[in-house]
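Look at the two complexes coming up: chain A is in both, with chain B in one and chain C in the other.
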Partner chain A sequence: MNSKKINKKDLKKLLDTWRRDFNLIVPVLENEVITMDVWDGKDTAFIDWYRNTVVPPKANFLPPGEKMISFEKKKDGIVLEIPRNGQRQIIFGVRPCDARSIAIIDDVFTETYEDTYYLSRRNNTIVIGLSCNSPYDSCFCTSLNINPVESAHVDLLFTDIGDDLLIEEITERGKGLLNMPDTIKKATKADTEKGQALKDSLAAKVTKQVNVKDMEHRLQACFNDREFWEKAAAKCIGCGICTFLCPTCFCFDINDEMLKKQGARYRSWDSCSFKAYTRMPMENPREERWRRVRQKVCHKYQFLPANLGVTACTGCGRCIRLCPVNWDITQVLAGVPQKEAARSAK
Partner chain B sequence: MTVTQISQRKKYLAQDNVYLPHIVVVEKIIEETPSVRTLHFHFKDDTLNREFTFDPGQFAELSVFGVGEATFCISNSPTRQGHLECGINRVGLVTNALHRLGTGAEIGFRGPYGNSFPLDDMRGKDLVFVGGGIGLAPLRSLIWNVIDNRDKYGAIAIIYGARSAADLCFKYDLDSWKNDKTVNTAVTIDRNESGWQGKVGFVPAVLGEMAPSARNAMAVVCGPPVMIRNTFPVLEKLGFAPEQIVTTLEKKMKCGIGKCGRCNIGNLYVCRDGPVFTYAQIKNFISDEY
Partner chain C sequence: MEKELRKQANRLLEEGTVDCIIGHAQGSLKFTTTPLITGDKTEISNLIISPFMHNNLANYLIRRHGKTGIVAKGCDSRSIVSLIQDKQVSRDAVVIIGVPCSGLVDMAKLESLTGKVRDQIEAVTVAGDKVSVKLNGKKKEYPARQVLFDHCLGCEFPTPQEYDCLIGEPVAAINDTELSSKKIADIKKMAPQDRWAFWQKQFSRCIRCYACREVCPACFCERCFAEESQPHWISPVPQWQDNLVFQVIRTIHVAGRCSDCGECERVCPQHIPLRLLSREMYDLIDEMFHYKSGMDKNAPPLMTAYEMVEAEGLIR
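Then we have the complex of A and B:
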């Protein structure tokens, strides 16, 4: 693989260049919450303070709320209009776990029917990865076979190797962004060796581990073990934050608004943590909280693997560190019996 | 329905956007019961009126702009098209709004979505249709389809019930089927009423009394969940294997295309993998959440 490098001090120059042609999204700290948002062009200090965002990058493709259709009642009937999305953008600083999450959601929004709204943003986005130098205690990406220095699903991967950032060219699209001979140099053998060494040393920093081997079938075997799920759901308060901030959770709601003759249809994030998510006028298949917790865990580790062949979890740890009651999915997963030991279905 | 067949349906997408509804115009309203009405409507775009087709059992998302979207099966038969029909039970926000509409109103339509009743498997067989309440809506699409191709099928029995005579939907269909000598129709209400000439009792019990033969037969069941759950054991007792029993399920839906997440039963989405399932499939559902 071709590797290049840039001095950290020159990063601003590079981002300034990109900003001319693209909407440039970087980690931004606003009201004590880190999100991926438009770069203000001031500095690149985030490269040193940034660990990972609170709001995952899915928000850049599937925003928390978006207008799908505007409508207007006119004399000769209803007129519908679709908003135009799809400004060319670069997201810089996506951690390897989150890069994987984008690939997972891509599958969901392209299978069978294509989701125009998601894809209009996604297809116009260049994803630039940034290796993860300081994983949190709650991170368990390595259990999902993700290395903190991982080049999958990004166009370029940047790795902090001290004074310089090592750049791995992954796609042609990414390569095309590096045409700045005065600031971007060829990486030396020593540089690439530093990057290689980080692969091992950073992976060792991810101390939280969970054995997810055969999890799809293990969950299948204990799916009807109500006692297990009641215990798993015991302290959950059903606030939904783990799903809203999960990089692979994609469920959404669709609602209308109308003021006199004009209105719009909106889509917004929704969560299987809420009763209203499945409530019908006559009944609700997931009225009890343990059913909703079971849905959340099994959707990630059983249903999506069955449907699309991927586990919908990246071990990013957000659902653990941002949970107000310290619910921990790894504890639930660790408790799922090995298949042969699974308690009999009730 | 396979994915290939689904992609053929994509030709009905508005501007290649699966969420953008087509405008349809309400042309006729039939008040079926105090809480159920049938809307007859056609596309504003006449090309679609000529080209649009669907299979019995498929559903659509209807929208009242400014109120929202909800899921309804297309209740007329593709053999009797010219317009589309949906039966609307007034239970929530959107259905209440649909009940306030008059003829000429413009609403949104996306579809057809989902799989359909297994007409190929039903060919040459005796058919038993078991319906309750508004559950006749998807069944009537299938029943008219079968009647319009009468020589392709064996004996037809229809068992339909509602809480009271006033709650019977599609009475005009029930009358035609009663007058059709090639169809054995039984209509029942939960409790007797003065002047009532049909049967009295719950649908599963009446089905048990009528005891249609399971030999070379298929049963199609649609109604409220409690009726569906109680009908399966009666059919099994009559000798129907789970593969011979077909039903269509209802869940809260938003997108209708397997993305928004909520209508799943285990790894299956009712909107994308259903809504039509055999009892054999349901028995294998990992979850009792149906």
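Then we have the complex of A and C:
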């Protein structure tokens, strides 16, 4: 693989160049919350303090709320207008876990139908990865076979190797962004070796582990074990943090809002943790809390593996570190009995 | 203290006085605790008392069946009493194990003081009015007032007001209302248009995860106006105006029930300073109705009763 490098001091120059052609999104710290927002062009200090965002990158393609269509009744008929999205953008600083999550929801929004709202943003976005040099104590990406220095699903991968950032060119789109011979140099053998060594040392920093081997079938076998799920759900308060902030959760709700003769149709994030989830056709089929908790776990580790062949969890740990009651999915998964030991339906 | 707590919890289960104990256990991450809800005596040894026992466990009494033993700090006990006043919980159905509380550590404050994130801090110990922190092998001491939650600094009743047994001795309140309400005083000083801009900015971040509502023992409604669709009182789409209206209505709904436990603000993943609203309402209730929530289980809920003293300045 071709590797290049840039001195950290020159990163600002590079971002300045990109900013001319793209809407450039970088990690921003505001009100003690790390978020992804338009770069103000001031500095690149985030490279040192940034760990990961609260809101995952899905929000760039599937915003918490968006207008799908607006309509107005006029004399000669109804006028419809579909908003146009899809400004060319670069997201700089996506961690390997989150890069995987983008690939997972790409599948969701293209597999059975093509979601034009999602794709108009997604197709116009270049994703630039940044190796994770400071995993949280809630992170368990390595259990999902993700390395903190992982180049999958990004256009370029930047890795902090000290004074320089190592750049791995992954896609042609990414490669095209590096045409700055005075600041971007060819990486030496020593540089790439440093990057290689980080694969082991950073993976060792991910201390939380969970064995997810055969989880799809283990969950299938204990699906009707009400006692297990009631215990797993006992302390859950049923808020939307773990699902809204999960990088692979994608459920949305659609609502029309009207005022006299005009209005709009919106979609907004929805969560299977909510009691009012899917109440619009009739009622939520998962009346009790434990059924909703089971849905959340099984959707990630049983249903999507069965339907799309992918585990919808990246071990980013948001659901653990942001949970109001420290509901910890790794503890629940660890408690799922081996297939043979599963109790039968009660 | 923990030994005594476990002894009491064990006794309650053993005697069959309760079929379930709700308390705090060590969390899976550094400086976290997690609610322990169990009827299993073997799990009682996991019960802890800690400066990180943030959760207001009264929340778990709502729609719970059977008889429950519950660990309660001062604010939690007031929430329980408030639920009793609202007839959501029967006094006979709970055994309150009171735990006097010297204040909880606000990790966000500690993070900004140390410049480190929670999991990069090695150890935190609270001793009297000092909090000592271990960072890179070195110890550093901070006055507790810099590290405890704002709501703990302004707590009037750190010792439970209602209990069946009390673990340890009552503790004195810090009751530093000036420090506790400094942020409220600051926004009151703002020009109205600046204050409006401030709230617009804060509520622009809201993603409507409803953690503030779900964690709140005073928010016990089975159906919330926020999800009603005929009509839509507020739009389900997160926009700052609707987010703000949601929180304002919620604040009014919990007026006279809120014990200023601070959970709504602590759990907000977007760090929206919700206590600026809830504590202001708490103080307004005190000022207008001479009422403090959750102090008397036999009193009618604030909004269901009228007394002549309320007339001053209220009805014009």
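As a convention for this text, the second predicted complex is superposed on the first by the 341 of 346 C-alpha atoms of A that agree within 3 Å, B and C clash if a C-alpha of one lies under 4 Å from a C-alpha of the other, contacts with A are read in each partner's own complex, and residues count from 1 in each chain.
Keep this in mind: a contact is a pair of C-beta atoms (placed from the backbone, for glycine too) under 8 Å apart; a residue touches a chain by one contact, two chains touch by 3 or more.
What you see is a predicted model, and the numbers here were worked out from it, not measured in a lab.
Check chain A with both chain B and chain C modelled on it and let me know: fit or clash.
By the criteria stated at the top, chain C and chain B fit after superposition, with no clash.
Let me test your reading of the model: by the given contact rule, A:32 touches which partner, first (chain B), second (chain C), both or neither?
Only chain C; A:32 stays clear of chain B.
Please work out whether A:266 is in contact with chain B alone, chain C alone, both, or neither, and reply first, second, both or neither.
So A:266 only meets chain C here.
What is the contact status of A:339 with respect to chain B (first) and chain C (second): first, second, both, or neither?
After superposing on A, A:339 lies clear of both chain B and chain C.
Please work out whether A:71 is in contact with chain B alone, chain C alone, both, or neither, and reply first, second, both or neither.
first
Could you look at A:324 and tell me whether it touches chain B, chain C, both or neither (first, second, both, neither)?
After superposition on chain A, A:324 lies in contact with chain C alone.
First (chain B), second (chain C), both or neither: which does A:280 touch?
In the superposed model, A:280 contacts both chain B and chain C.
Take the Cα centre of chain A as the vertex and report the angle out to the centres of chain B and chain C, nearest 10 degrees.
90
Is A:245 touching anything from chain B or chain C once the two structures are fitted on A? First, second, both or neither.
Only chain C is touched by A:245; chain B is not.
Answer with first, second, both or neither: which of chain B and chain C does A:255 touch in the superposed model?
Both partners, chain B and chain C.
Is A:136 in contact with chain B, with chain C, with both, or with neither (first, second, both, neither)?
Touch status of A:136: second partner only.
Once both structures are overlaid on their shared chain, how near does any Cα of chain B get to a Cα of chain C? Whole angstrom is fine.
In the combined three-chain model, chain B comes within 6 Å of chain C at the C-alpha level.
Could you tell me which stretches of chain A are touched by chain B in one complex and by chain C in the other?
Residues 253, 255, 257, 279-280, which sit in both footprints.
If you look only at chain A, which of its residues touch chain B in the complex?
Against chain B, the touching part of chain A is residues 68-69, 71, 73, 77-78, 80, 82, 108-109, 111-117, 220, 223-224, 250-258, 263, 265, 270, 272, 277-283, 285-286, 291, 295, 298-299, 302-304, 306-307.
Would you pull the chain A residues touching chain C in the complex into a rising list?
These residues of chain A touch chain C: 31-33, 35, 51, 54-55, 64-65, 136-138, 234-235, 237-241, 244-245, 253, 255, 257, 266, 268-269, 271, 274, 276, 279-280, 320-322, 324-328, 330-331.
Under the stated contact criterion, what part of chain B meets chain A in this complex?
3, 6, 10, 15-21, 23, 44, 63-69, 91-92, 106, 108, 224-225, 250-252, 254-255, 257-267, 272, 286-290
Residue numbers of chain C touching chain A in their complex, please.
The touching residues are 27-30, 32-37, 55, 59-60, 108, 111-112, 117, 119, 202, 205, 207-211, 213-215, 227, 229, 232, 235-239, 263, 266-267, 269-271.
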